[in-house]
Each structure stands twice: as C-alpha cells, then as structure tokens.
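Each structure below is given as structure tokens.
Same chain, two partners: chain A is paired with chain B first, then with chain C.
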Partner chain A sequence: MSELFPLKQVMGFVFSLILTAVALSVYFFNLSFSTGMIILLVTAFLQAGLQLVVFMHAGETEDKGAIYTNVYYGLIIALMTIFGTLLVLVWDM
Partner chain B sequence: MDFFERFAVPHPSFAIYASMVAIGLTVVAVLAGLTYFKKWGYLWREWLTTVDHKRIGIMYLISALLMLFRGGVDAIMMRAQLSAPDLKLLDAQHYNEIFTTHGIVMILFMAMPFIMFFMNFVIPLQIGARDVAFPRLNALSFWLFFMGAMLFNISFIIGGSPDAGWTSYFPLAGNEFSTSVGTNYYMIAIQIAGIGTLMTGINFITTILKMRAPGMTLLKMPMFTWSAFIANVIIVFAFPVLAVLLAMGTLDRQFGTNFFTMDNGGMDMLWANIFWVWGHPEVYILILPAFGLYSEIISTFARRNLYGYKSMVGSMVLISLLSFLVWAHHFFTMGQGALTNSIFSITTMAIAVPTGVKIFNWLLTLRKGKIVITTPMLYSLLFIPLFTLGGVTGVMLAMSAADYQYHNTMFLVAHFHNVIIPGVVFAMLAGLTYYWPKMFGFMLNERIGKWTAWLLSIGFILSFMPMYITGLDGQARRMFTYSESTGFGPLNMVSFIGAGIMAIGFVLIVYNIYYSTRYASRNISNDPWDARTLEWATHTPVPEYNFAITPQVNSIEAFWDMKKKGHVIFKGEYEKIHMPNNSGIPFIMSCIFFVWGFSFVFSLWIPVIVTTIGIFVCMALRSFENDHGRYISVEEIEETETRLRGA
Partner chain C sequence: MKMDHSLPLEYSTEENKLKILGFWIFLGAEIMLFATLFATYFTLVGRTAGGPTGAGIFEITPVLIETLLLLTSSFTVGLGIHAMRLGRKKAMIGFFITTLLLGLAFIGVEIYEFVHYVHVGAGLQTSAFTSILLTTLGTHGIHVTIGLFWGLFIVLQVWKRGLTPQTANKSFIFSLYWHFLDIIWIFIFSFIYLKGMM
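Up next, the complex of A and B:
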C-alpha cells in the first residue's frame, strides 16, 4: 500500500497550498511593506524549490548532479547580481 | 504620403543616398544573378533549408566577414574624421551614428558570428559527433541572428541609425534625446539576434555534455571544446539579462513606461547597471573561444601537448564565475561610494590571475617545442605580447581611484581595442587560416597570410598606441572633432595611417581567398598541419555524417596518439547512420521575425500582430510535425568513403 500511495506528492501538494495561503494573507492583514515583502519572498522561494524537487522531479534521475550544479550556479550568480546592484544603486550611493 | 514619411532618413547626406542606391543595385544584381544562373533551387535545397552544422558554420562565416567590412568602413570613416583638427568630413550626428553602429556591428554581428562559426564547424568534429544536439534549432539560431543583423543594417537607409553609443545609455537613448527610430532598431534587432544566440548556447551545452565520442571524458575534451563549453554556459546565464533589458528599453521608448526615465520614479543609471551585468560576461564569451583556438594552434605548431591542461580548464571556470562579479568597473565614476568601487576594483584585478595562468601556460607550451611558424602560429605569437599589453592597461583601468583620470577617454578606447583585436580578431583570422583546408579542401597562401598578419599588427600598433597618449592627455572618446590648440592632431594622424595599414591587411585577406581559390593545390591530405585533435581524423571535404565509424577515444590528443602511438580509434564495421532532415521552417520563421521586427521598430501594430501569429503558427507546425529523420545506408557510406579515400 505504501508504494501505491504517493505520500511525497500529496504532502507536497498540501504544503504548497499552505504556502499559497500564507502568501495570500499578506493581502488581508494590514502588514508593513517590509514585513509583507519578506513573507512574499520567503514563501515564493520555498514554493519554487518545492515545485522543482517534488513536481518537476529534480534529483530523481541520473543527471541529478548536473541539475543541482546548474541551480546552485544560477542562484549564486543571481544573488551576486542582485546584492551587487543594491550595493551600487541603493546602499552606497 | 504621411505614411511613408516615417521611413525617411532624418539626417541625410550624400553618402547615405549613395549607399541606398548601392544597396538597391546589389539586391537587384543578386536576385537577377540567382535567376539567370538558375541557382534558386540550389540555394534553397543546399543552404537556406540546411540543418548541417558545417554549412550553417560557413554561413556564419560569410555573415561575419561581411559585417567585418561594414564595421571596418565605419572605423575608417571615424579615423579619417579625427585625423586632423576641425575636419568637416562628418558632422556630429553622423559621427554619433557611426561609432554606435561600429560598436554593435563589430561585437554582436562580427565577433559573435565568427565565434559561432568556429563552434558550429569545429565542435561536432572535435568531439566525434554527427551533428549538434538540436540541428533544426541550430538553423533557427543562425537565421534569427542573420535577420537581426540585417534589420540592424538597414537602419541607416530606412528611418535612421541608432546614435546613442553601442551601450545606448539612458536618458540619452530615451525618447526625449533620441527622437528617431534608430534606437528602436537597436532594441529590436539585438533582441532578435540575442534570442538566436541564447538558443545556440543551450544547443551547444547539450551537444558537448551528451554527444561526445565514447571514452572522451570531460577532462579528455580538446581545449577549444572546453573553452566553447564555458562560453556557452556564460551565454545561457548572461543573455536572458540582455533580453529583459532590451524589452524594458522597448517598453520605455514605445509604450511609455518609466524604467529608465529621469522622473516618475525611473532610474536612468539602472540601464547602465543591467547593461553591464550582461556586457561584461559578453566580453568573456568572445575571448574564451579565442583562447581555445590559440591553445589548439600553439600546441599544434609547437609540436607538443598543451602545457597545464587542468589549470587551463580551471582558470576558464574561474573566469566564467568572476566575469559576473565585475560589471560595476564600467561606471566607477557614476557616483557610488568608495566601498563599492573598491570591491569591484578587487574582483576586476582578480581576473588578471587566471588570465595570467593561461598566458604562462602558452609560453611554457612553446618552451622546448619545435616551433613551426605558419600563418596561424604567427598570429598566435603576435597575440601573446600584444594582448598582454592590453591586459596590463586593463589592470590600470581596474584601479577605481585612477579610473577617474581615464574614464571615457581614448585611453579606454585604446585598451579595449588592444584586447579585442589581438585577442579576438587575430584568433579569428588564425583559426580561419587553420580550418580553411578542412572546409574547402585547399590551403590559403602562406606568403600573403604572413604579410597580412604583419600588416595588421603594425597597423594595430600605429592606430591604437597613440590613443593611450592622447587619452591620458584628455582626449575624450566619442567627440567628433577637436581644436588645434589641444595638440591631439599629429598623434591622431598616426592613428589614421595605422587604420589605413589595417585596411590594407583586411583587403589582403580577400585577395588571399581569391588567389588561393585560383592557384592553390587541391592535392592536400586530410591533415595538412599535422594536427592533434579529432577534427583532422576525417576526410576533406568532410562527409555530411562526419565520421563513417564513431571514434573511440582514450586520451586527450586522440588523433595524435593514433598517428604516433598506433592507438586504434575507428573500430568496427559500417552501420547505417541516422541523420536529420532539412527544413524550411527556420528560414521562413526568421523571415517573419524580420517583418515583425521592422513593423515593431516603426510601431506598425497591425503587421506586428499578424506576424506574431505567424511566428506561433511556425512553432505549432513544428510541434505537430512527424519527422524522424532519415538513414544513410551502408552501401552509400562505403561508396562515399571509397570516393573520398581515392581523392
């Protein structure tokens, strides 16, 4: 029975619904801009990671290494670019 | 008539009208010639619909050479205008348009397709594959690039050239200061070509990761394949940034958004910032494959294996990461604080370390080598000292405090030409001479080739070394004239003479192709340079399936070890070969893209909507198409192999 029941996918689905609900709460509660943005960003990235691993099956094939290397390399460059841009245009002007 | 007035050139001159007539006559002549010689069917079957990586490569080469001459004419006009104080050959507006198109054409429509030519022609042969991973996507990449380039090139006769510099900084590039459609051409034409480049990046990463010959592990790949692999990784990470940036620029110019405007919450410096997030990695996309070519050529003609293979690979991986961490050094004077400038100064200087490792590796390859000075080797030997000079001035520019002196002067112009010409252009010409026999079955004349290399080097030194001096003395870049009292006159005249010598060098290349086509011996072996890698292991001309039997590799220099150590790389019998079918869809889709782009430039929305639908129809047709390719039978392979062996 445990092989037939896709526990991981069901849990993933429930968790993604929870994440959506949390993100949606930003609209209904009167939060400050920065609190709202933090909640949105955190839930967005968790959601993206969840979709990638559970529903797009990253890590279930033999090119697992290539997929994760690619994702991490992309994340590093994206974060460097974003924080570098913030440094150039906002924090150190 | 109101409708047609928008296509007029806003700032015409005799030269522009003359070019209009010349372009019109050329088009008529080409069409008439094709009809007269009954070549339409041949052109369609063999070239426009081809998915063969070798033919697509050759089409990239032809485009790159054409664009080299377009950009070269721009360069000569600029040097002529600056050759003496207060000249009136060009006015300010024309000068602006010419330096803008010179930059774009040379970087995106000359150097990029030249790199694509080498990747297309060489990589599948070098890794022992039959074609790239997605042959039809490859054809689409080429035609999108080609249509983008053509769209950009008609700008100066229809509607006006872009004139805000190849960097197209806002607010200058905004509607307020660039009123003609020129900058729309910039946004749309580069967008179309950029989509093609992004597809090439994905295609070649897949090809290199998935289609290597059995036994060729990552650390047994030839150095050019390694360098192209890293360059394609950078393409995939950098070109989406360009696509988004150009889309934002288009929205600002044509749809009234305020990303880069001065008011309504826009931030004009954001353009410069994102432009260089793409722009700096772009520089490494150009130079890394050039380094790869030098590695192949130097090791072939030093007659020994490449020194420090692993450190070469490691330094390229490091360069690919660092290339994304240095972009702010293009605008040290923009107004950010000392902390930011210091951080970007240090990351910039750090790039000199892996680059230096590569230079020393080449020098140590030459050491104790039995050097044969052929034309490709001559270019490589001239490259090492000249490029190092450019690298050293790069470290000077990297020091942010000192950069306030050099910023936007001719010193900067001298620096980047000093790295691009010996670094990229010499590599392209060396590689062209090196791979010419593999493509066309005869060798380019060595004597003329060496004259060309020396003329280009002397011309290069004469045109760009004086700019370092005038730059330090304060001559700003992009100024269309200067007064006599500045004292810049004599050195600029030297530059003009140097540019003239370089022009003679480029004309000699054309003469060399003509001369060698007529007189060179066709009786050459498959391996005329005594080279070391797999692309020389097949016949000349290369059959469409590349290798009759897939090679099996167990060393870095598989072909050399086959020749000298008796390794057997072709084992087994002929088997039928699966090849992709030709398709007209990439060409047709790209033609629709051309019309789409042209309509978009002039904000003609109805044709834009119609052509957008057309593009999606082409994609849908591909999705529902049932095309499993075709097989080449064993008899046909045997026949081809016997014929090629006999020849």
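Up next, the complex of A and C:
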C-alpha cells in the first residue's frame, strides 16, 4: 500500500496545502496592498513550480530542454501580455 | 514498434515521446490564452458600472472548498500516474476515478457559485467587471468539464485494454492537462479571489 504513496508526491501535496494557507493570510490579516501582493505572487509561482516539477515530471526525461524552453516561452509571453496591458491601460504610463 | 524498456511505458516509443512534447506545446499556448484573460480582467476589474464589486460578491467558503478539491484532485491524478508506472492497473483506475469525482464536485461548487452571482445581480451582462470575471472563471470551468469527459474515456480505455504504451501515453497526457488546470486555478484563487477580498 505504501508504495502507492511516494514520499515526494505526499510532501508536494502537503507543501501545496501550506502554500494555500499562507496565501489565505492576505484574507484573514489586515495587510497593506503591496505586502499582500508580494505574498500572493510568491505563493502562486511557488505553487505552479511545485506542480510542474513534482507532479508533471517536467525535468525527468531527455526532452526536458524542449519542455522548459516551451514553458518559459509561454510564461514570458504571458507576463509581457499582462504587464504590457497593465502599463498601458491601468498604470497609465 | 521499437520500445525502450528503460523508460516509463508512456515514454517508451518515439511516437509517445513526440505526443507528450506536442502536448506541452499545447499547454504553452494555453498559458498565453489564460494570460489574455487575466490581462483583460486586471484592466476591467474596476469597471463595475454601479454594479457589485469583487469584494461584494466573493465568498471565501466555496472558493476555499473549490481550491482544496482541485488541489487534492491534482495530487490523486499524480498518484494515479505513479501507480501506472508501477503497473498497478486497478490502483491507477481507482486514483483516476477519485480525481474525476473531485473534479465533478469542483464543477458542482462552481455552478453553485455562478447561480449565487446571478442571484445577487452579477450576471454576464451587468458590467465589464462581471463579464470578464464570469468569462475567465467559465473558461477554466469548461476546461475542467471537458477534462471530466476526457478522463472518463481514458479510464474506460485502460479498463478495457490494460496498460499499453498507447493507453499509458494517453493517461499521462491527461494528467498533464489536469495538473495544468490546477495551476490556472491557483492563479485565479490568488489574483482574482484573494486579491479581490484583500
């Protein structure tokens, strides 16, 4: 039975629950906007990285170079889209 | 068919490797799709046109339940793939069915949430804010719904044909899709709900 619950994945799950609890602190405590956003950015990206490496097995095979290049490419376009939009339409710069 | 037995079954043939890489490229495109939705959301979040704001309509309890359901389902599908790599077909199917049930519960809570929004006057046409909110949540929700049907057919195939390079490959690709939806949800949870209620 225990061979079905590998330590790496169980720890990954526990860690993802902890990250969720930390992110929840912005709801329960009266934090400033910038402190809250820093907490959310850190917990969200850690959580995403955790899923990618522990659960999606991103770095385990010989195609990992192509996988990471593709994920980083998608991520860079995503961040450029989001922050470009914020710069022009919200922050009014 | 040339098989490499040093690799897990889902990676064992050249075609399998290419299919997995191809699916990663699809996920890269999905990241960009959701980025455009998030960009639009951040632009329109303040345009409430006299209607409700995020802080006014979001409820922490259903959101937290949805998050825990999806996080747990991501864990169980990961265990399913682990069982598959051990060649434990029954355990794998058990984990996959658990995953699908958790996904179904997630959709149930999300439907409750949408009914609640419409009930408190935050429909699709109320304001620019509610439009993009429901579009972003709905795009994620439809992905999960499609995943439920996809996963169901995967389970049926594994049940019928056993663990072959083909079924293992399909199952692994499904698990990638499911984990990806969990990642998108984390960003929705953090930057739509928690940011909105902060």
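As a working rule, the second predicted complex is superposed on the first by the 83 of 93 C-alpha atoms of A that agree within 3 Å, B and C clash if a C-alpha of one lies under 4 Å from a C-alpha of the other, contacts with A are read in each partner's own complex, and residues count from 1 in each chain.
Following the convention adopted for this analysis, a residue touches a chain if its C-beta (ideal position, glycine included) is under 8 Å from a C-beta of that chain, and two chains touch if they have at least 3 such contacts.
Since this is a predicted model, take the numbers as computed values, not measurements.
The superposition on chain A brings chain B into a clash with chain C. Looking at the shared chain after the overlay, A:A66 reaches both chain B and chain C. Of the two partner chains placed by the overlay, chain B and chain C both lie in contact with A:I77. Once chain A of one complex is fitted onto chain A of the other, the partner contacts of A:A21 are absent, as it touches neither chain B nor chain C.
In the superposition on chain A, contact of A:T85 is made with both chain B and chain C. In the superposition on chain A, no contact is made by A:M11 with either chain B or chain C.
Contacts of A:F55 after superposition on the shared chain: chain C is touched, whereas chain B is not. When chain A is checked against chain B and against chain C, the one touching more of its residues turns out to be C. In the superposition on chain A, contact of A:I38 is made with neither chain B nor chain C.
Of the two partner chains placed by the overlay, only chain C lies in contact with A:Q47; chain B stays clear of it.
The intersection of chain A residues touching chain B with those touching chain C, taken from the two complexes, comprises 66, 73-74, 77, 81, 84-85, 89.
Note for the complex: chain B touches chain A at residues 209, 237, 241, 267, 269-270, 273-274, 277, 321, 324-325, 327-328, 334-337, 339-340, 343.
Within the complex, the chain C residues that touch chain A are 7, 11, 17, 20-21, 24-25, 27-32, 34-36, 38-40, 42-43, 60, 64, 67-68, 71-72, 74-75, 77-79, 81-83, 86, 88, 91, 175-176, 179-180, 182-183, 186-187, 189-191, 194-195, 197-198.
Contact residues on chain A toward chain B in their complex (touch as defined above): 66, 73-74, 76-77, 80-81, 84-85, 87-89, 92-93. Only residues 3-6, 9, 12-13, 16-17, 20, 23-24, 26-27, 31, 33, 36-37, 40-41, 43-44, 47-48, 51-52, 54-57, 61, 63, 66-67, 70-71, 73-75, 77-79, 81-82, 84-86, 89-90 of chain A touch chain C when the two sit together in their complex.
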